[in-house]
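Note sheet for the following structure.
Chain IDs A, B, C, D and E follow the sequence of writing; residue 1 opens each chain.
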Amino acid sequence: MKDIVGHLKKEFKSQIIEVYTHNAKRIYVKIPREALVKVAEFLYKKARCRFAIASGMDTRDGLEIIYHFSDDAGSGVMINLKISVPHKDPQVESLTCLFKGAEWIEREMHELLGIKFKNHPNLVTLLLPEDWPKGVYPLRRNYKNE
Amino acid sequence: MGCLLGLVPDKARGLKGWISFIFLCVVFYFSLIVFKMENSSLTLTYPVIGSLSKFFHFRIDPLSKLVVLFIGFFGMIISLYSLRFVDGGLDYKGYYSKFLWTLAASFGAVLSDNLITFTLFWGFLGLTLYRFLRGSDERSVAAAKKSFILIGASDSILIMGLGLLWLKTGHYMISGMKVTLSGEVSIIAFLSLLIASLAKAGAFPVHSWVPDYTQAAPGSVSAFLPASLDKLLGIYFLARICTDIFILTPWAKLLLLTIGSVTIITAVMMALVQHNYKKLLGYHAVSQVGYMVTGLGLGSPIGMAGGLFHMINHALYKSGLFLTAGAVEKKTGQVNIENLGGLSTVMPFTFLSALIFALSISGVPPFNGFVSKWIIYQGIIDFGKGFSLASHLWVIWLGSAVIGSALTLASFIKLIGGIYLGAKRSKFKNIKETHFLMSVPYIIIALLCVGFGIAGTSVILPELITPVTGPFRFIGLWESQTVGILILLGILLGVIIYLMGNIKKIKTANNFIGGEYPAEDIQYPSVEFYKTLTDIKPIGWIYQKAREKYFDVYDWGKKIVLWASHILSGLHTGVLTLYVVWTIISLGLIILLLL
Amino acid sequence: MIKTIIHFLVFPGFLFLSVAGGFVSWFDRKITARVHFRKGPPLLQPFYDFIKLLAKETLIPKNSSPGLFLLAPVISFTATILAGILIILPAFGIESGFQGDLIVIIYLLMIPAISLIFGALASGNPLSSLGASREIKLLISYELPFLLTLLALVIRTDMSIKIQEIISEQKLFGPFIGSFSGALGFIVMMMCVQAKLALVPFDLAEAETEIVAGAYTEYSGTPLALFKITRYMLFFIMPSFVVILFLGGFDFKGWNIILSIGKVLLIALLITLVRNTNPRVKIKAAMKFFLVWMNLFAILSVILAVLKY
Amino acid sequence: MGIKEYCFKKSLWVFHIAASPCNNCDIEILDCLTPRYDIERFGMLLTGSIKHADVLLVTGMVNKKAKKRVKELYDQVPKPCVVVAVGTCPSSGILFKESYNFAGPLDKVIPVDVYIPGCPPKPEAIIAGIVKFLNKK
Amino acid sequence: MNEKKVVIPIGPYHPLQEEPEFFKLYCDGEIVRDVVWESGYNHRGIEKVCEGKSYDQVTFVVERICGICSTSHPFAYVNAVEDIVSIDVPTRAKYIRSIIGELERIHSHLLWLGLAGHFIGYNTVFMWAWKYREPILDISEMVTGNRNHYAMFKAGGVRRDIENEYIPEIRKVMNKLKPKIDLFVGAVMDDPVIHSRTKGIGVLTKEDIKEFHALGPTARASGIAIDVRKDDPYAAYPLVKWKVITFDEGDVFAKVKVRLLEFYESISIIEQCLKGLEKEKNSPIEIKIKTIPPGEGIGRHEAPRGEVFHYVRSDGTNRPIRHKIRAPSFMNVPTFRASCIGQTVSDVTLILAAVDPCYCCTERLLTLYDWETGKKTMTFNDLIKLSHAKTARVMKKR
C-alpha cells in the first residue's frame, strides 16, 4: 500500500536513505542501522505489518540485512527494510524487544554470518554443531569448504 | 527377673558402646530365658521398699514373653548398629545410658502386672523419648517437644483412666481385671487407656508426633523407639486392653476397626507425597499400626494372631528401614529423596536389605509382611460372618487394608527408586558401602524378614503367636513353603531362559535418551511421581489441608491452649490468693468428677 | 509336590500359559490389523518375536543397577505363572483352590506391574522413570475399582472369597453378567483389565510417541523376551479371569469346549476393539476416570449386589 | 540355518534414524506400515527404542552434528543388527562436498549392510531391499 | 530458573518426530515448565548450496528441502524468480501449479492427521488416514511420475503437462475422497476422548501469534486469517472461488478443525482448476526465460504448514548470489514457548505435533541433489534393479 510508504516517509524523513519499488507489491526501503528499531516498531505496531523473516547476506560493501515485513490487510505488499553493517563492526540492535519472533532468525544470522545482535536474550548456536570452530561463518564470502 | 532389672540401671553407667553391646547380648540371652520360662507371676520383695513392694508385681505370660523376647532382640541389634553409627560428630552424650534406661523401662512396663508400676515405667519411656531428641536445631527441639507433650498428655489421660478403673474394680492388677464395657465410667476408662496406647503406638488421631520425631531423630533412635519399642509396647498394651483389662463389645470393635482403617489410609496417603525419606518412613510407621489395631480390634484369636504377628514383623522391617535410612544419611548427608539417586551400585547390601524391607512392608509374597497381613485378612473375612454392624462392614476393613498395602508399595517404590536406583550423582561417586558392623544388623533383620515369610505359617506362628492367642483355625490356606519353592522354581526357570538366550553377550551401553549423550541434568527422579495425585481436585484439597495441619491433634491442642491462655490471661491479676482459689476449685471439680 | 511342580511348569503353568497367551496375543494383533485394513502378522509371530529376542544381545545400561534390572523380568514372570495357576486350576476343575485365593490373586496380579516399575527405575533412564511413575499412578487408581467389582461378586456368592465357589454359583444360577450388578461390574472389570494389560486408552506407561517405550525402553534381548512372554501369559490370564468371574467359567464337555474358547476370544476381541477405537488418555484423566467414575460404577454394582439384583 | 536365525528373519523390528533427511524417505518408511504395504505381514514392526531394534534404517545425509549421535546410536543397538541406508543421500557422497555441514556418507560413519537408492525409494523398494538382503544372508 | 526442575528429553531420535530434533522439557511432576529447543541435527546449509547452482538447477535443490511439502519450495522459488524477471506465466501452467499445490496440501494434511492420531495413541486413525492418502500419491505418480519430489516446476511455467486423459481419473479420486473426509470429520468432531485430549490444550492467543508471527493453520486456528493465496494472490488462486478457514479457539482441536475443513476447500479448488484446464486445452505451459536480470525477487506460497518465503537476489549471472529460504515451521516452532508451558508431558507431545513442524524446512538442509532421479523419475522396477545390484555388490564384498 502506498499509504505505508507515505507514512514512513513522513515519519522518518531524515532517516530514510532510499526507497525503490521493484513492482507494486515489493517495496525496498534503505535505512541506516541506527533507525532500524524505530522503523520496525512503526511497521509492526502502527502499520500492523507481519515480520516475515530477515535475510542476511555478505556483499562487497558489508553485511546486508533485509527485514521483510508483510502487510496482511489484503494488499500483499512487502516492505523490505535494508540495512548495511560494516564488516569491521558487525553489530545491530536486536528486534527481540519488539517481538519474540525475531529471536531465532537473529540467532541464525549470528552464527552463519557473524552479526552480533545487541540486547538479544539468548544468542547461542541454533544450527551448527557444538564443535564448530569459532569465528568461522559459512555464509560469508570468504568461507572456504575444506 | 528382679536381678535382671536391678542390674540394668547399674551397668548402664558403663557408657561405652562395646560394654553395652555385650551387656545387651546378655540381656537378650536373659530374655530368651524369660521366653522359655513357664508362665508365672512373681512379686518383687526388697526390704528397702518395704510395704511398697506389693506394687512391684510381675507377670510372665505368653504375651509378655513374646514382647520381652523382641525387645531384647532389638536392643541387641540396634546397639550393634550404634557402635559405628554413633561415633560421628553428633551430640550423643549419654546415648548408651539412655539406651539402657529405655530398655530397662520397657522391660519393666511389659512385665509389670500392676497398673501403677506400669504407668511409672510407661511415663519414664516418654521421658527418654524426649531426652533422645535433645538436638541442637530448632526443628528437632520442636519435634521433641511435640512428642513429649503428646505422649505426656496421653499419659495423664492414662492416669485418669486408671483412676476410673480403680473406681470400678478396686484394684490395679491387670490379671483378673476383665471389665465389661458398660456404663460411662468403664467406657471413659477404656477410651483413655486406648488413647494412651494409641499415642504410644502412633495411631490416627494421636499419630502426629511420629513423622516429626523420625524426621528429626538419627536413624538408630528412630529404629529403636518409634519403629520397634514403641510399637511393641503400644500394641502390647492395646492387646492387654483388648484381652485382659476389658471385654470388647461390638461398638468397641467398631471403634477400633475404624481407627485402624483410617490410620492405614490417611497415613499412607501422607507418606506418598513426602520428600524427606525419614519422614516418609515415619508416616509408614503410623500406617502400619492401623493393621495391628485392625487385627486386635477383630477380637478373635485369628485377628489377634494377625495383629501380634504384624507387630513383630513391623518392628523387624521398620527398624531395618530406619537402620538403612540412617546408613544412607550417614554416608551422604542428604535427607531428601530428590537429592539422592543411584546408590544401589555403591551400597549393594544396604540396597538389597532396603528392597527386602520395602517389599515386606508392602506385603508382597513371600516376605513376612504378606503372611501377617494375610492372617489379618482372614480374620476380617472370618469376622464378616458375625452379626454386628462392624461385621457387616467387614468389606470396608478388608478393602482399606488391601488398598493400604497397594499404596504402601507405591510410596516405597518412590523411596527405593529415589534413593537407590536411577542415575548416580557425580557427588556420590566416592561413597562406599557402610562398615560391616553397621550393615550386619540390617542384613540379619532382612534375613529374618525372608525367614519369617517363608516359615511363617509353619514355624513362627505355632512357636510364637499361638501360645498367646490360643489355637485357631485358618479359613484359607497359605502354604508358605510351597509357594517359596514355586517362586524359586520360577526364578530358576527365568535363569534357564536367560541361559538359553544370548546371556554370554552381555554388554553395557549408554542409556537411550533419543541418541543424545546422557547428561546429569537429564533425569526424572521418582520424587515427582505423585505430583499428579495432588493435581486431582478433591485429593489435592485434602493434601492442602493436611499441609496446613488440619488433621494434627497437637496443632489443634496448641491452638486451643493458646486461645484459652489468651482468655485466662485476663484473669491474671497477680494476686496469689486468687490462684489458690482457682486451684482449689479445679481440684474440687476433678474430685467430684472422679466420684 | 511333584504334582505341584508339574502344574507350575507344564499345565496350566508356564508352557500352557505361554502358548495359549501367544495365540491370544496373535489374535489381538491380527484383529488390530484387520481393523486397520491390514493383513496382519502370521500365526506364529509372537513366538518368532520371543525366540528372536533370545538370540539378541543383552544390553545393560550404564546408569543401572544390574542385579535388579535383570531380576525384575524374572519376578514378574514367576508371579504371573503363579497367578495363572491359581486362576486356571479351579477354572478347569483340577483343584478347588482355597478360601481367600482371590486376595492372593489380586496380590499376584499386582506384581508384574510392580516388577516392571522396579526394572524401569533400575535402568536409570529418565523416560523409563516417567513410564514407571505413570504405571504406579495408574496402578493405585485402578486397584480400588478392581477390588470393588470383585467385592460385588463375593457378595453375590454369599461372602465366599474363593474362585471355585464363584464358578459353582454361576453354574447354578447362570452367569453373573446376566444381572445388573454383574453387568456393571463387567464394564468396570473390562476397563481394569485394559489398564492391567497396558493397552491403548491406558497404555501411558509405554506411550511410544511420548516416552519412547516407557518402562521397557532400556530392555533388550533376553530380559525383554521375558517381559514379552509375561505379557503373552497375561493376555491369556486376564480374559480367562473375566470369563471365570462373569461368564460362568469353562466347561469341557463335548461342544462346550468350543464355547469356552469362544468366550476367551470374545473377551480378547472386546479388549482389542476398545484398544483400536480410542486414543490414549492423559494420566490425570485416567486417574480421574478410575478414581471417580469407575469407583462410582463399582460401588453401584456393590449396592446392587447387596440388594441381590 | 538355526531356529534363532530363522526367527530373526521372521521378526525384524525396525528403528528409524533420520540423520539430516528431507523427510521424504522417512515418510515413505512410515508408509510401509500402513495398509497398502503393511510390513507387519513379515513380522516387521517400527519400534521406538533403539534397544529393541534389529534393523536400523538410516535416511538423509549425515551432518556434522548428527554424526556423533549416529555413532552413539549404533553402539546402543543390540547386535546382531542390519544397517540399511535408505535413499541416495546416505548411500553416496558426491555432491555433499558442497555443503559446509557434511560429515561423510553413512558408510564412513558406521558399517552399512544394504543400500536402497532412490530419491525417495518407494516403499516397495524399501521392503524389497530388506527382504532381499535377508534371503541372501 | 531451570535448576531444580526435572528434565525429560524428547528426541533427537524419538518416535514422536520423523526428523531429529531435541526438546528438553523442564518438568515439575508431569507439568512442563519450560521448553528448550536444541537443533542443528538437520542443518545442511542448503542456502549456501543454492548459491552454487544455476537457476534451473535450484528448483530441484529446493524441492529437496522438505519431502512432505516438496512443491511448496519450488513454487515459492519460481514465484521469486518470476518476480525478478517480472513475467506472467500462461494460464494453463497456473492451473497445473495450483492443482499440484492443492494435491500436496491434501496429502500433507492427511499425513498430519494420521500422525496426530498416532501421537495420541489412536493408531486406527493413523492407518486409515494413510490409507486414504495413497490414492493422492497415486495421482501424483500418474501425473508427475513420482510419489513425491514431483519436479514439475520451472521458472516460467511447468515442466510437464497434466494430460487431458488424466483429468477424469483425478476427479474420480477426489469424489471418492470426499466421503472419507466426511467420515473423519464425523469421527473426530464428536469423539469425547479426542475432545478431552485436544480441547483447551496448547492454546495460542492472537497476541501470541502476533508476537511470534506464526503462520498457516497455526495462525488460522487462532482466528488470524493469514493466507498468502488470498493476501498476495498468485497462480490460479485468484481465478477460483474458495474461502479461508479460521477458528478462534487457538487450541489443538481448532487446528484439527482447520485442517479438516481445508480438505473441502482444496478439493473444490482442484475441481475448479480441472474445469479451467479443460477450457485451456492445448495452450502453452511455459514461457522460456533466457536471462535473469540483476535484481531482487520475493516469492511466497501458502504451503500446508503456512507461508513459504523465498528471497532471491540476482546479479545477472546464471546463479543466484543469495537465496534466502524461510519455511513456515521456522516461525511456528518458537510458539512452543508460549503454548507448552503449564501443560502435561502428554499434551506437549501433541502440541509439538499440532503445529505440524517440519524441521527439515526449518533448518533448510541439503539433500543429495541427484540429477538422475531429479530429472527423470525412476520407475519402480529401476529402483528394484538398482537395489538388487547394490545388494549383490555388498554380498560379493562380504
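Convention: a residue touches a chain if its C-beta (ideal position, glycine included) is under 8 Å from a C-beta of that chain, and two chains touch if they have at least 3 such contacts.
Everything numeric here is computed off the predicted structure, so don't read it as measured data.
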| item | value |
| --- | --- |
| Path length in steps (a step moves to a chain that is touched) from subunit A to subunit B | 2 |
| Per-chain CA centroid nearest to the all-protein CA mean | C |
| Furthest chain, CA centroid comparison against subunit C | A |
| Most distant chain from subunit E by Cα centroid | B |
| Whole-Å gap between the CA centroids of subunit C and subunit D | 35 |
| Centre-of-Cα separation between subunit E and subunit D, whole angstrom | 24 |
| Distance between chain centroids, defined by C-alpha means - subunit A, subunit D (Å) | 41 |
| Shared interface positions of subunit C, touching two or more other chains | 36-38, 54-59, 126-127, 130, 133, 208-209, 212, 217-218, 221, 283-284 |
| Set of subunit D residues in contact with two or more other chains | 17, 34-35, 48-51, 63, 65, 69, 73, 76, 78-79, 98-101 |
| Residues of subunit B engaged with two or more neighbouring chains | 505, 507, 509-510, 512-516, 522-525, 528, 532, 535 |
| Of all residues in subunit E, those that touch subunit C in their complex | 6-9, 14-16, 30, 117-125, 127-128, 131, 191, 193-194, 196-197, 344-347, 349 |
| Residues of subunit D defined as touching subunit C within the complex | 3-5, 7-8, 10-11, 34-35, 38, 40-41, 43, 47-49, 51-52, 54, 76, 78-80 |
| Interfacial residue positions of subunit D with respect to subunit B in the complex | 17, 49-51, 69-70, 72-73, 75-76, 78-79 |
| Subunit C to subunit E touching residues, read off their complex | 32, 35-38, 126-127, 130, 133, 200-201, 203-204, 207-212, 276-285 |
| In the complex, subunit E residues that touch subunit D | 12-15, 18-20, 40-46, 48-49, 52, 64-68, 70, 111, 114, 126-127, 130-131, 133-134, 147-149, 358, 360, 365-370, 373-374, 378, 380, 383-384, 386-388, 390-391, 394-395 |
